[in-house]
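In what follows, a structure is listed as structure tokens, so that the remarks can point back to it.
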């Protein structure tokens, strides 16, 4: 396998890679991101989730909508009709770990949709809490799983 | 200053915070993100920048356009007419550090626009290189500077 | 049949329902909305339709474009490639009845696309006439027909 | 006051009305819509609001984002930078009454933004509940309040 | 006056030019495009304009909406709140000449909005007529007028 | 073959043509546009392409993204999932000739996507260079090739 960057044409300009000849298969991708925050902010988010002011409910909508919008954000991405999107949140000592799960039946994979979904969910948490915790930051944003298509299963948890 | 989350109404549902009474001032925000990658990938990006296949030229457009699109991505963000957006890239041992600089003259700040710009620029680099380096990851995504508005200058580099 | 709301995951957050295993079938949905207005406004719209100033020609474009944009408006909707959209207008004593007809060949139905199309067509009529009839209102907005998919034909005229 | 439709040019084609000479003032608009549904569906929404599965939290995000997107939906609307958007829900015997409140400081009003916000919030409730209550319908969608600009206060509750 | 391309930063990457220090003035731009077509196609469009099937009514909406969407299409353009958009059509021997007129009160001009508006109006005419006249083509697309801002009036008719 | 405009319904209002019964085939379309400019501007673009300030790299991203966005711009166009987009630039005496190549596997063709891609690429070149060459203009924008679907191959170079 040679390492040529596939997203450029012979003149060296970017292109949307031609996937016409690829076959439609079921594909899935998962990505993770860690949102680091103050203990106090974690507590506020947790309380809101069980009473009034659910930060995660807003992040959830933002992340799912961002997955659908991915092809408008990442210039060379294909328009992929997603068949399912979900996002999970796990409270950690440092804050919240977000995991996105994106599915499609299409000619190319949904890694970017998964990464965009969890990035925008994380940014939405920041937006909702930035008045009290401006130093919140994001780390370990990565693809953790991918299946479907010629390259098979990828795991990187 | 109490720590109430400002983005919720009295019923506990999210709202777009009313900034009608705030005054228009010049505002600026900067955010950073680190893109960690293989040595080989760094080298390919560097070569492309000076010959054919400029990954950063594509990331640049994606990041700037994402700043303009921020209000569509982060649900409670205001529609802020940006007066300037730029993004810088610095080669590091681990890969590339991205810094976004966003400006406006408006009633509320552009932190989210800066964070979104560098996140989407980073994701675009991933997209352009994922065929050769699927384990690339993002870290230390954070607001590093903010000026303008009542809360004054914020620095977090 | 149990009444669980299908659009939430086990943590109680919204999700885009997984339709990966559903089969592609032809699907169609129709929705209606009534636009109530002054006698004088009806007359102005009718005259414009046959001479200069066709309000319905603008509403038509708005409604059709809104059907295509539905997945960006209703957060948990899938991106459905529509194979046909049309909108009909019938003059009534109270104003205008709008009927949208939306078609696809996909894994899930187009009810929301039909409802969005006629809602936005109605709002566009309001926008074009609000300078002369601010009290115009919309009523009886509903799904009237649906076919395709496991649940069969639904009629509610 | 003559009743000419202001949104058409001399050739009878639609135009975006020229507001260059209008002055910037604070403006506000409120709209309402009634969502009629089964008793059982009301109960499910109410339960979800206080435990898991908050339909209104999703509708809230959808409605607020739709207000920002209004200028893309209603063809002749201006791009108005909104300074605040909120949406309220009141349980009724027939279902839920939705009230949107939209604010700006601009040259033209936000009636359409308010109407679009409550329409899309209502449609989102339908989407989230349509698996259990396909006959849900919308009625009495109307502008109820408007202030700011030359035409003064309008009330229609 | 030196001829440096203003849309690039010191690293040679594109940027959204910083207009923070520019003052808000009234600005206007006009652009033209010629749509060349078969005699028969001209006749069909003309007939539709006065009876059923008004191609120009659809092109009008498309062109006006494209002006509002310009900042999403041309990557380095600012988000400019337009205060007025109109488009005129003149029948010619060769087909139709389209003229767009775009206005704003902002820190930077609306040349691109005017060019985009008439380009998309022209493309919409093509789309509506391509089944009968695939060889239709566009020519002489250009900025014809510009006023407002430091550079004063520009005329190029 | 009769010359009826297919994009209108029986009432004379525009519609999205029903392609439900058409079969999915591989389709391709190519369009061209000529960008006429000063000798000096050509030289600046050429220099930037090989050192810093690559105008064509920005136009490339804009054109490809516009192809994906075509269905939002041209009102009656279907949402077509594109399988490949590329754009080529050839230096000429008069300036630059742009050729777009768009592919899909779908029920209807991608002529409009190809025309939109090269139009927006051209407009982006204008935007990047308008500070030095406001009289730049576009000409000979046309469909040059189309294959796939019932009507077979079309050539118009």
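Which chain is which? They are A, B, C, D, E and F, in the order written, and residues in each are numbered from 1.
Assume contacts are C-beta pairs under 8 Å (C-beta built on N, C-alpha and C of every residue); 3 or more make two chains touch, one makes a residue touch a chain.
Computed from a predicted structure; not experimentally measured.
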**Report entry** Longest centre-to-centre distance from subunit C, chain (CA-based)
**Finding:** B
Report task. Write down the chain pair in C-D, B-F or B-D that repeats the interface of A-F; the criterion is over half of the contact pairs matching by residue number. Result -> B-D
Query raised in the report: Which whole number of Å gives the spacing of the CA centres of subunit A and subunit B?
Result: 16
Query raised in the report: CA centre of subunit C versus CA centre of subunit E: separation in Å?
Result: 30
Query raised in the report: What whole-Å value do you get for the distance between subunit A and subunit E if each is reduced to the mean of its CA atoms?
Result: 36
Query - Shared interface positions of subunit A, touching two or more other chains - result: 11, 14, 54, 57-58, 61-62, 65, 69, 72, 75-76, 79, 81
Query raised in the report: Where do chains touch, given as pairs?
Result: A-B, A-C, A-D, A-F, B-D, B-E, B-F, C-D, C-E, C-F, D-E, E-F
**Report entry** Parts of subunit A lying in touch with subunit D, wherever the complex brings them together
**Finding:** 54, 57-58, 61-62, 65
Query - Sites on subunit D touched by subunit E in the complex - result: 9, 11, 13-20, 71-72, 75-76, 78-81, 106-107
Query - Residues of subunit C defined as touching subunit D within the complex - result: 3, 5-8, 11-12, 14, 33, 40, 44, 48, 51-55, 57-58, 61-62, 65-66, 69, 72-77, 111-112, 115-116, 119-120, 123-124, 126-132, 134-143, 146, 154, 156
Query raised in the report: Can you name the residues of subunit D that touch subunit B in the complex?
Result: 26, 56-57, 60-61, 64-65, 67-69, 79, 81-89, 103-105
